[in-house]
Amino acid sequence: MTSILLGILALILAPLAGGLIAGLDRRVTARVQSRFGPPILQPFYDVAKLFGKEPRMGNVWQIFCAYIYLLGAAVSVFLFFAGADLLLLFFVQAIGAVFLVFGALARPSPYSQIGAQRELMQILTYEPLLILVFVGLAKATGSFKVAAIWSHPEPLLLQLPLLYLVLTTALTIKLRKSPFDFSTSHHGHQEIVKGVLTEYSGPYLGLIELAHWYEVVLVLGICALFWSTSLVGLLVLLAVTYAAEIFVDNTMARLTWRWMLGSALLAGLALSFLNLVWLYLA
Amino acid sequence: MQNVTPVTIAELKTACQAAKAEGCRLVTLSCAELDAETVDIIYHFDKDLSLKHYRLTAKKCEPVPSISDIYFAALLVENEIQDLFGLSFSGLVVDYKQTLYLEAEVRKTPFCKYSVAIANKA
Amino acid sequence: MENTLLFVLIFLPFAAAGLCWLVPSGAVRRGVVLVTAALLAAASLGLFGRGAFAATPESLLGLPLNGLITLADFALLLVILGIGLKRKNRWITILTLLQLVPLAIFELTLPEHGPIAPALVIDGLSLIMILVISIVGSLICVFALPYMEAHEQHLHLRSSRQGRFFFFLVLFLGAMNGLVAANNILWAYFFWELTTLCSFALIGHDGGEEATANAVRALVMNLFGGVALVCGIIFLYGAAKTLSIQDVVQAGSLGTMAFVAFALIALAGFTKAAQLPFQSWLLGAMVAPTPVSALLHSSTMVKAGVYIVLRFAPAFAGSAFADCLAVAGGFTFCVATGLALGQSNGKRILAYSTIGNLGLIMACAGIGTPAALAAGMLFIVFHAVSKGLLFLCVGAIEQTIGSRDIEDMRGLYDRMPRTAVITVIGIVTMLLPPFGVLMAKWMAIEAAADNLPVVVLIAMGSALGVVVWGRWAGILMSSSRTKKAWPEAQPALLRWPLAVLAGGAVVLSFLLPAVYASLVAPMLKGPIAGSAGSLASGLAAYLIYPLFLVLAAGFLYAVIAARQARAAVDTVYLAGAQAGPPESPAFTGPMDQPVVVSAGNYYLPSIFGEERLTFPLNVIAVALIIIMAGGALI
Amino acid sequence: MLKDFIRSSRAKSPWIIHFDCGSCNGCDIETLACLTPLYDVERFGIVNVGNPKHADVLLVTGTVNHRNKHVLKNLYDQMPSPKAVVAIGACGLTGGVFREAYNVLGGVDKVLPVDVYVPGCPPKPEAIIDGVVLALKKFAEKQQAAG
Amino acid sequence: MARTIIPFGPQHPVLPEPLHLKLVLEDEIVQEALPAVGYVHRGLEKLTEIRDFNQMVQIVERVCGICSMIHAQCYCQGLEEMLGITAPPRARYLRTIWSELHRMHSHLLWLGLFADGMGFESQFMQCWKIRERIMDVNEATTGNRVIVSVNVVGGVRRDLNDGQLRWIGSILDQVEAELKALKKPLIDDYTVKKRTVGKGVLTAEQVYELGAAGPTLRASGVAQDMRMTRYAAFDELVFTPVVETEGDCHARLKVRYRELLASIDIVRAAMRALPEGELAVAVKDKPAGEIVTRVEQPRGELLYYLKASGKKNLDRVRIRTPTFANIPPLLAMLPGVELADVPVVVLSIDPCISCTER
């Protein structure tokens, strides 16, 4: 029962946390770029404004996909905080990810079509890596359940350092940050305009932004599993990880998805494999 | 302007081929209207920072052979002259058919003071 | 009662097939097929209601059954030999002889000729197979009725060859039911070879050079599997001194010779399940009319391959051989899905995906833990329903739009709204939770967590699957229409199997805990008792149902919200150069010409191209099989 | 309360799209300069989104000519309301020094309803920022007028 | 094979200017690229019929807002030659100083846009931050940031005093230091190299035959720079062209980066050697004749063909801008590159469409 309540609480708080993180991110990024940056609450203004805009749609299916993206992201966050099985919640998250692709493919715009194809390539990269991270977590703790992993007595970071590195790579893809912001980018200036989001506008874009906040909370939650023993450690880990993401975002050009498949994926698989072999032998 | 050689329509392509063989870079073409019937097309070439020019005096209604097959770089400027002077170049690598700059509703051949009927392309 | 039901399931199709062949009337054929389909489905459900049991039918119509089957076995082999001689195909002849001679020697030297008791055993695994064969297979037969009418009209045949077609189609179901019910391994062998013959006849049905060549290839490869099976049976008898499958499985450790037998049986399973390097026959089988593909891929033929391996899996669980089998299966899953990524031909995508999923079942059999075996069995069920559905969808689409290329299905919703939505449902049930295939994959990954190479391969393969399926489903709905398209006209016998399978795929997933409890759980006793992972725990239902309900509620809300959205119609973003009406997006391009926009999926031939990959992958697959054989000897 | 938040957010989150209509680049680079550290319009929540479907304010620089007038109209049509148009620079206002050229139609208001005119050749970044802020007030007024 | 057809422009966030490319892609590899232009065509060459030759200076300044000073310089130089007058030495030195400052702000602007085209936002910000210092100099010395309007036929309109010269010197020191700090995180960065090395390669022969100009030409190893023709103060200042040999986008990046540093040196040398004297000579005659004149713009060789017949209006002003010359090489580079590299390759010629179409 507690776990369900926790899940429901997360369902309400996650967008707030996600929005705040996005706001902080924008502020810090601006400072890194010698700018002042927007107010911390800026993401909330943005999304509120989007909900106040005139709704426009290409077809019903496109709108439906936006809702399902939000549903997938929200339910996976619920499952995470309710302590459910990592693989299950990841697959539920995949519902959202796949429907985002469906939504982008629903319109004959070449920009969103290319975005969708790129998004699929991104899924192709992060999905196996995340599954291996989960296998590593399960191997180290004996369970796939978030609840069980959470109550593991030692910080998992010590056992799974390489897998944490792999996780942060996947996190970069999920956060749509350089060098992996292929399918859509937070920066306005991308060769495929806004990629998967090109054809969404107004309130439906707002839904997607909301879903993105849920996803950010989910991936950070997974990061948190690596140092669940101490609150301070957890916060330090998350802060350092996110700061590193911003740092990487600002010191790297966008690369290409071919590079991602050829280098990032293979390197990620190799690192995971190494860490898992170590875990299996130990 | 020094180093100007007049050429005729018949000599044009051979002259350009010779210029290319010499290692000249095609800088551009300049077109200026002379009177109601004729225009000057000046072909500017550069070699080691010195310019030489071929001057072709062409009739407006007569198609000029395109040199875009010799110098690909002539492609844009020949299309531009088609747009602005209503001349016609034969054998263009990519022919924009007078749509390079101008929409249909804009007056044709704005650079001709003397309005002439545009020779329709075959 | 059970015996009657079994009789209906195995021998009714034989009789019905005969009728189809003999009576040229289309109406009679239609009636026969519909009645047979209904009876088969009813009988399988009846059997399901009764649960596991064993039977030893002595005779059929007064003839001793054991002898009858032996006789039929040789007759069958002689028929195939005849085909080989008639076509002057050396390979068919040699491979048939290689079965005929050892089998003859084996039968002659067999010490006890008496009946094996029990000859037929129905347990959870058999029941799963029978249900799949009799319900999904029957639906495909029904779908085939209008399909073949249109098909023959399209070909302008002078005289209908549907009698022959439905003979083999219906016979196939009987053979499969026989195969999965048999406990006497020699009986199983007979039905096994019968499916080989049926598939040969059906693949080559349309005639023509390509069809014949592919049919022959299928025959040769499956005959090779047949040789492996015969040898496997002989070794198995040498090791276990019994022909009863149940006895072998429950015998415990049997020594090296038994493992050689398992390796040979696995090899036979690999050929039938078209695992690498034997995939080419299944790909070639695409020349056949679509119902044949649907049947081969979902409920019959290839499933026989994984069935036989799963059947023996408990006997070799935990061995080095099993580990090698798991790796080989995982390898097939990963690379076949990768090959599917390189394809734009809808049927080839489905074919590679089938090969891949069967590889996953092989991997489950190799992992051999209760969870893995449960995953494997669940896979058989859910894969059959979804894959059968998808094949029928491709068939229906192809007959309307004249292409099976997925690029041509872009925006199918505009032309065939119902079929497009059903295809998307089919794909989603293959791809996403809470549907059965994914739940089974979830169990498989959890079960594979202890086997590092396998889990890496499965993780990679499942991600490749997302790309393969995601883009296909996505482009079907890529519509520029803002108003609803016209409802499509479709014969009822085409429409209903699609609808039933689509509904079935969804409902069955909802019933997953029940399927598990009634069919799978009873199998996880005896030598393979143990925990079957998250899904099997008592909490499974508490997990699945709320998740299902939450997702369904969200889904419904999204449907309503999307339908009620009072949004202005939007044009496509084309960098400000859009021109023309929103229904046919175009932009003003160079020379003021309108350019109709188009988009294509990425097939990455340099990474996932068939031409590039097939040979090296086959080499690796052969190496894995050799290692597997080596594993058997350890 | 939610409605109030949405209304107040509108003025805090103007996403702009910039279209170079037929400008000499002078106004364009000054518009781009607004994004950069010295001026940093993101302070006001202004983001250059580059996609009309996401934009609230259309910044137009340069003269309208016969070819780009279609593009300009298309972009404006794709922006969901509420929206505003800011014409930047002498050319955007009237056609500037090019007003007599044969391919020049004139200022932006020949094609679109312009809310704010920012004069200058080119206007300084401060003036452009000022124009955007003024546009926000304009569309707040329009919203009120519409109820 | 499935093809994607994409309209790249006329409104596109990566290209601030309305250039349209119809790209045909396969797996995101460009198979065909065909440009459509005319979105910025104003027809300003024809304005010479209603503006006299002095007023035309203001018009040619607005051919392009990024290199406006150099357009006017080229035009005035040509007319001076036609009229048989020479601008006084101080004017020629001042023209050199302002034109090199213009080159710097243009190159810095390009560096930023190029980084932005690769999705490297922070370097975009950094480059434009440095650029603001040059803009300050423009504003302080001419009264305007962008269109500085210092040239007149016969010389220049504005002067620099000693205080200003010293101040410019200190600004240049700052800019130089900041530029040098940019080398590691931008020019030598791993990701930047990944995105630029080997992309859009043209050999020296190809690039010459295609008629390329400016950094595009020099990045392929052809040492051609109009400043070698010794116009303005270059007849007295030492000048060596910046050349790289790889011929890819990274070489073009390096050429422009090194030209930035070279421009600082030229400005410093010109300020040191700045002669005293008049700013302009008076123009009494009406121009007549035909003249071709060339200068080096930030984007390369700029050519003016002027024709006059002794009236106050010129008969013909014909402007061939460097981007116009660089479009054929661009079309040769595009097939075979990835879509993601299209902005990089397009930006690598530093396209200026308003120049191209006039």
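Here the chain labels run A, B, C, D and E in written order, and each chain numbers its own residues starting at 1.
Methods note: a contact is a pair of C-beta atoms (placed from the backbone, for glycine too) under 8 Å apart; a residue touches a chain by one contact, two chains touch by 3 or more.
These figures come from a predicted structure and were not determined experimentally.
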Please give the intersection of the contact partners of subunit A with those of subunit E. C, D
By mean C-alpha coordinates, which chain is most distant from subunit B? C
Interface with most residue-pair contacts lies between A-C
Identify the chain whose mean C-alpha position lies nearest to the mean of all protein C-alpha atoms shown. A
Please identify the chain with the largest separation between its CA centroid and the CA centroid of subunit E. C
Using the average of all C-alpha atoms in each chain as its centre, how far is it in Å between subunit B and subunit D? 40
State, to the nearest whole Å, the distance from the C-alpha centre of subunit C to the C-alpha centre of subunit E. 65
Report the inter-chain centroid distance for subunit A and subunit D in whole angstrom, where each centroid is the mean of the CA atoms. 34
Distance-wise, how many Å sit between the C-alpha centres of subunit A and subunit C, to the nearest whole number? 36
What are the residues of subunit E that contact at least two other chains? 4-8, 10-14, 25, 28, 34, 38, 41, 43, 46, 125, 129
Subunit A: positions in contact with at least two other chains: 33-35, 54-56, 110-111, 113-114, 117, 188-190, 193, 198-199, 201
Where in subunit B do residues touch two or more of the other chains? 99, 101-103, 110
Those chain pairs meeting the touch criterion are A-C, A-D, A-E, B-C, B-D, B-E, C-D, C-E, D-E
What residues on subunit C touch subunit D, complex-wise? 568, 570-571, 573, 576-579, 588
Mind listing the subunit E positions that touch subunit A in their complex? 4-8, 12-14, 25, 28, 115-123, 125-126, 129, 185, 189-192, 194-195, 338-343
Within their complex, state which residues of subunit C touch subunit A. 411, 413, 431-433, 438, 442, 445-446, 449, 452, 455-456, 459-460, 462-464, 466-467, 470-471, 473-475, 477-482, 534, 543, 547, 550-551, 554-555, 557-559, 561-563, 565-570, 572-575, 585, 597-599, 601-602, 607
Taking the complex as given, what residues does subunit D use to touch subunit C? 19, 51-53, 70-72, 74-75, 77-78, 80
Once bound in the complex, which stretches of subunit C touch subunit B? 590-592
